[in-house]
Amino acid sequence: MRAFTSETSSTLLRLPPGTDLLDGLTSAAKDREITAAWVNVIGAVRKLTFGFYDQETKEYTTLTHDGELEIASAMGNVSMKDGDPFVHLHVVCSGTDGRAIGGHLMPGTEVFVAEVLFQTFRGEGPVREQDEDTGLALWPTD
Amino acid sequence: MRAFTSETSSTLLRLPPGTDLLDGLTSAAKDREITAAWVNVIGAVRKLTFGFYDQETKEYTTLTHDGELEIASAMGNVSMKDGDPFVHLHVVCSGTDGRAIGGHLMPGTEVFVAEVLFQTFRGEGPVREQDEDTGLALWPTD
Amino acid sequence: MRAFTSETSSTLLRLPPGTDLLDGLTSAAKDREITAAWVNVIGAVRKLTFGFYDQETKEYTTLTHDGELEIASAMGNVSMKDGDPFVHLHVVCSGTDGRAIGGHLMPGTEVFVAEVLFQTFRGEGPVREQDEDTGLALWPTD
């Protein structure tokens, strides 16, 4: 199996209120010239846009929650796609009753507070290439 | 954007049954003189106390589940606040039907099993200061 | 409190579609001779098998979702048990309506996409031993 192993350094930062979460993470990765990293985020949003990938139709369904939610968990990664750092993040959010929803983060998520960890690779990381079987841009497996 | 980058070392440990999860993590951080870290936890609790922050009223609603739950995910950080290590953790827990609930961890959560990772910064980390806009003690953004 | 602190190196890899998630992670750990690590995974599954541990009866209830789900979060660890690398992973998954379910990952979970981070200890990690109080194989606390 193809695997990418490296030393890492870690970065903590907070995205300001009003930032689009996906844009803010992507900008932070580009500003730091990150080509490969693991990402964790906790905080809260004013609005959430996320999706579910239909493995048959190979299309995302988009869901929107227009209101306050806690970011109970967000994890994912930065890797190169089409020559640029690309952020892939999955989120779990919860509302005032505690019930959790989750999925694939999409543009259209407004940060209230986002405390971010980038665990950045010093060495080479995987590169995303379009994969016909899944319909997604994925890392190599061999 | 203000960011804090450092080498890290990692620590694995288990909190004993009966420990208050937030107290146990805070004590572990203080004992190890951790001033900045990322934290992950999995395990199970006998009781969960967690909250949802109301962005308008700037107050937490507290929710309690008085019974067994899996800790499906817990992530957060340690940073300095008022001169002491301060733990900020968000949890996702699930019951016997698998349904997930989540939010901001509060005192009053009793550990059954807690397997903990501290990813500890060697260098300087962010410090929490009261922020008027959000009503929260937050890291600097610039 | 007993704790295990070490430098780490990090590995990114993708498990191919059709892999059993728990088997695939265990094989990857064995192939890399990992004795201690923290693990994060995001992606999607075609089928999920997970469990809830009953703290009184000391038995797992097994739940199965036979269909597509996003892996919104998966975290856990590798440590030695009975002389072999053992993977303990907790998952949060979500369906087309966004609702999240979670618990203890079991054999019988079929990968569609699994993007994996291993954060591997260079030094000694904890070893699991059977614990009478909880009925589980756990790390030492002292």
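Residue numbering begins at 1 within each chain, and the chains themselves are lettered A, B and C in the order written.
Throughout what follows, a contact is a pair of C-beta atoms (placed from the backbone, for glycine too) under 8 Å apart; a residue touches a chain by one contact, two chains touch by 3 or more.
Because the structure is a prediction, the values reported are computed rather than measured.
Visitor: Please state the rotation angle, between 0 and 180 degrees and to the nearest 5, that superposes the Cα atoms of chain A on chain C.
Guide: In short, 120 degrees.
Visitor: Would you kindly state whether over half or under half of the residue numbers at the chain B/chain C interface are used by both copies, giving same or different?
Guide: different
Visitor: From the C-alpha centre of chain B to that of chain C, how far is it in Å?
Guide: A distance of 21 Å separates the two centres.
Visitor: Chain C: which residues touch two or more other chains?
Guide: 8, 40, 73, 75, 92, 99-100, 102, 119
Visitor: Give the list of chain C residues in touch with chain A in this complex.
Guide: It is residues 8-17, 28, 31-32, 40, 42, 44, 46, 68, 70-73, 75, 92-100, 102, 112-113, 115, 117, 119 of chain C that touch chain A.
Visitor: Give every residue of chain C touching chain B within the complex, in rising order.
Guide: 1-8, 36, 38, 40, 50, 52-55, 61, 63, 73, 75-77, 79, 88-92, 99-104, 119, 121, 125-126, 133-134, 136, 138-142
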